[in-house]
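After this come two complexes, each holding subunit A, first together with subunit B and then together with subunit C.
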Partner chain A sequence: MGKTVLEVQNLVTEFHVEHGVARAVDGVSFHLEEGETLGLVGESGSGKSVTSLSLMRLVPSPPGRILPSSRIVLGGRDVMKLSEREMQAVRGSEVAMVFQDPMTALNPVYTVGNQLAEVLLRHEGLSREKARARAVELLEHVGIPAPAKRADSYPHQLSGGMRQRAMIAMALSCSPRILIADEPTTALDVTIQAQILELIKKLQRETGMAVIMITHDLGVVAETCDRVNVMYCGRIVEEAPIRDLFAAPKHPYTRGLIDSIPDLEASRGGVRKPLFAIPGMVPDIHHLPAGCRFAERCFKAADACRSSDPVLSDLAPGRRAACLTPLAAGERAPAAAEA
Partner chain B sequence: MNAHGESLFRKSLRKLRRDRFGMAGLAVVGFFGLVALGVKLGLFCTLAQATTPVGPQFVRPGAAYQRTLADGTKAAARSLFGTDIQGRDVAVKLVYSIKQAFAIGVIVAVLSVAVGVVLGCISGYFGGLVDDALLWLYTAINSVPFILWIVSISYAFGRGFTGVVVALAATFWVGVYFNVRAEVRRLKELEFVLASESYGASKWSIIFRDIVPNLSHLIFVFLSLDFIAAVKNEVILSFLGLGIAGEPSWGVMISNARLDLLAGKWWEVTGATILLFVLVMAFNMLTDALQDAFDPKKVG
Partner chain C sequence: MSGAPKPLLAVRGLKKHFPVRGGLLKKVVGWVYAVDGVSFTLEEGDTLGLVGESGCGKSTLGRTLMRLYEPTEGAIEFQGRDIARASAAELMPARREMAMIFQDPYASLNPRMTVSDIVTAPMSAHGVGTPAERREKASEILQVVGLRAQAASRYPHEFSGGQRQRIGIARALILNPKLVIADEPVSALDVSIRAQVVNLMMRLKERFKLTYVFIAHDLSIVEYISSHVAVMYLGRVMEKAAAKTLYASPKHPYTQALISANPVPDPARRAQKQVLKGEIPSPMHPPSGCVFHTRCPLAEERCRAEAPALRDVDKTGTDEHLVACHLVKD
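Our next item is the complex of A and B:
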């Protein structure tokens, strides 16, 4: 693959709350290459959104704080060392973001065209007319019919899918090197989801930008990603190329996630098998266990897992897992094997 | 029917136009406003006319009397709304006072809303120490009954127009501030603010371009609420002898004429009260309609 556009090392983001410090992201390291799509998968609260906000230094502060020991290298520049002004120039032009709910992510008092033009005015220094013309072009590019007319629409006059397209047009307006898509399809109808994912892929092919796809939906991951990072409790627990991840997950948590996908094949013949669910709950971020954070819920947990904290280590080229007892191919939880 | 490219603002205006009480209120307020403008431009009922005696004292409304004209000659005339204790034309004073009411209402409303919105935005958006300090100021002002503040500030500034304006604006902004602060705290959590940040907008650009336009309903409602409150408070201040001096105003008229009332000279007090009532009532109707029309939860 191409050259590295983003390198994150030991990212720690804390939130100072009433009863102590919550580490929402705890020592996350990963990299992103030109043109690839990296999946960031995990349950809600696993730290995937905070990770993406940290990359743009948009964690609300206070109460949030990115520890200075964290390193975020974006296109050769250390983001942590930039001033707030320099950071404003980076946001939107080098990294742009697409949000989950396009209804709340667009300002209700401006037309879609105006909001788009605003970003162009700020970053590209275009004149009003040129920005407006470019906005219409962008809307057309993301597949909005009658773009010149739609540019004068207010967000509430567009459907969810249209809004998300407008949002994507905004994110793409300054040709960013990295697009962060934070659950871009979660708020949309199933029929629209595929269209939006296809649009992102198409634009990625055209521009060669890298995409970080944040989602809890393994279906979306399978559809779009080249590589996947699985997050649990603020840490990356497994990293793998997409095929390997689904074929032979190494971390029991990943296995559990995959086994939780309803399987139509298995319930053929009118007999519906019960759905598999990972037992237990995500531990409270203020009372994390001493050992592996997944130990309480893991079918393979040994005594060692409860006392020592596993680190993310290389298992094969491109494959890493934070587990003392990584799974062999085909190994599953007894309950999942039955189901 | 959802007209294409129609902003929430225009939609609100359309809703306002359908509100009969609101439009009636607007018509009355508009009429008063035009009269006030006419007086301000010196077209009729000038200050000189309002303060110069035109005939004997206490001419009854509708009675015939010898009117002293501007050039000093006398002519037979029929009184419109009587004369006061010094023989000044009550009708002229009443009309002139409309300008007073509007001047105070508009200046106080604009000042208090401007201060309240700016401070509310700063407090709500930035939070932290600035917020603590402003909130403390708010609580301090709010913990004393407003009328006491108003009386003491206007006393400190001395009698007159400026004193009234400063006293009212200095106390009215806190209501605007607190509501704006709460709304900004809500708005800044919405994703479009985060989205704007993620496209590299500066903090001030977010406050004034993203957040303030979303406060338009609060701004409209507070402009009209503070206008009404200012008009009423001017009357109270003048009645207490702390308001306008040297010029007629409804408050001054009511204050001066309250002893006349006991003697059966009812017209000056009645005239001022009725005009005050009509203006406040009409404005209240307009405010209600504005609240309905511009509340973003009701515009759909």
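Our next item is the complex of A and C:
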């Protein structure tokens, strides 16, 4: 096992809104090892982005608040105890982030080259001339053609794929040990997605950085991650090494997600069965049910599931699930649920 | 009626170009060749999947088929009649038989209308039924798509994404159309909800004998739902075949790259991707010859000079396998 570069314990992030307090992230614990790619999967609103913003201490406050009992240990230091000034040094050099929409990270009024150079001036203390040269190098490194020319472009003059490359260049400019990629390819076409995922892998091989890959696409997870945490309603409901997760998920929610992807091998063989559909929908975080949050959609929920809240427990080395009755190998919903 | 079955829809040489205006006088300074010579036929009961990257013209094609956009050139034969240039009055009967489902279940429903008014809007537009009959039809169709009849008096914002998409589907089906053009109907939905809507669309297809044009960029869903698939690139069809054939033995280098790039949700089958270089050129300035040649790993001199025709390369004698590539052998 590699060295642990990030340890998160009982992270709770709340939002204070008109009609009360919503816990977007509710007691999340996980760790990240040197050089690995950890997947964070879950549906819209499950708390993936708030988790990653919390790690960077970038949750807008108000309305957001990270509870002080949360522990985030980054390279041996407790992030919750750092001053904002110290935190700024951590961002960029320890952890950097790329988002789904590069426009949120790139400033529309500066050229891409100037923005990159600015970061290098600030963090690495390079001279203006050196910073500019290094910026062009970085753009070249992330596969932007004619980088010297492109450095003078404004973000809106670049295509979606090129902007994403520019943002990756920016994220990597101070050689962070951890890259958090929040849906980095969701807005891109498949052929461009393949280019960007390839690029992230290449950079990871070169620098040994660890990657947290946030996505709702199980295909992307299967192709990029070593280990996965599955989120549902602000909680981690399952953790597993990538192959185990797909071969033998322990949580009925994970099972349902995997079964709702078309099994093309089977349908190529002839019969096209209805897709498995998880019934119902994700509960609203303002009106969470008592007990297990997935119970009302779960094919095997028992009375106990509706009254007691399952904790994420160890099932085997590297495997955790928050379920009173974790699935046995091969156990799944009896029939494709009616839509 | 007798003889060979006529296709429900036959499209020939269809083009839709958008003018690009510039300068103070808003003069036309160029054209977007959004759909640039598309031909295909669609038999009753089939589902044609339309795939391709962003901007290749899928939505424009769908909207032009519905005559929401005026075609620039070409023929759209629906049930044997060319509607490409039909007047609004002549279009009315065809319009009743065609319906569209849109990607964004948030934007495509008027927030100030009740669900009942939304789903019966096509009845009102065609002067079908009395208000009482429309209300009755609304509650019937809502149940068909898996919503409670009480939903009728509520407003779109009270529903989740998946439910809103069901409302959009109910509206599309209310006049019993023959042809439904669905433009990315599940792309905005969460994984667990996507399967519900796909299943619903499949069930409704059986029940009402629908014919679908299913536009999507998710290749797995398209393979699952379609009987035939057409792959578009820069306004043109690069390849079209039965879904099974297309996915099992894609012939066009672009189709091959697209399928290879599609992430496989199975870590046991991780494979080296065939990563295409470069980006999609602007549809304002499509490349000469084969429009794909700037990214094609196999492109030769001829590809830069001469546009390949879409031709049948099927050898099994069962179904067409159309490919527009010089390098694919007959």
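Everything below uses one rule, namely that the second predicted complex is superposed on the first by the 328 of 339 C-alpha atoms of A that agree within 3 Å, B and C clash if a C-alpha of one lies under 4 Å from a C-alpha of the other, contacts with A are read in each partner's own complex, and residues count from 1 in each chain.
Here, contacts are C-beta pairs under 8 Å (C-beta built on N, C-alpha and C of every residue); 3 or more make two chains touch, one makes a residue touch a chain.
Note that the structure is a prediction, hence the values are computed from the model and not measured.
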item: Clash-or-fit label for the pair subunit B, subunit C on subunit A; value: fit
item: Touched partner set for A:314, first subunit B, second subunit C, both or neither; value: neither
item: Touched partner set for A:106, first subunit B, second subunit C, both or neither; value: first
item: Touching partner for A:153 - first (subunit B), second (subunit C), both, neither; value: first
item: Which superposed partner A:198 touches (first subunit B, second subunit C, both, neither); value: second
item: Touched partner set for A:44, first subunit B, second subunit C, both or neither; value: second
item: For subunit A as apex, the angle formed with subunit B and subunit C - C-alpha centres, to the nearest 10 degrees; value: 80
item: Partner chain in contact with A:243 - subunit B first, subunit C second, else both or neither; value: second
item: Overlay on chain A, subunit C to subunit B nearest C-alpha distance, Å; value: 6
item: Residues of subunit A that touch subunit B when the two form their complex; value: 56, 58, 62, 88-93, 95-97, 99-101, 104-111, 118-119, 122-123, 149, 152-154, 156-157, 167, 170-171
item: Residues of subunit B touching subunit A in the complex; value: 2, 4-9, 127-128, 190-192, 194-202, 209-210, 213-214, 216, 296
item: Contacting residues of subunit C [partner subunit A, same complex]; value: 53-54, 146, 160, 162-163, 190-200, 202-203, 217, 219-221, 223-224, 244, 247-248, 257-258, 260-268, 270, 273, 275-276, 279-280
item: Residue numbers on subunit A that touch subunit C, as the complex places them; value: 43-44, 159-162, 189-195, 198, 216-223, 242-243, 245-247, 256-258, 260-262, 264, 267-268, 272, 274-279, 281-282, 336, 339
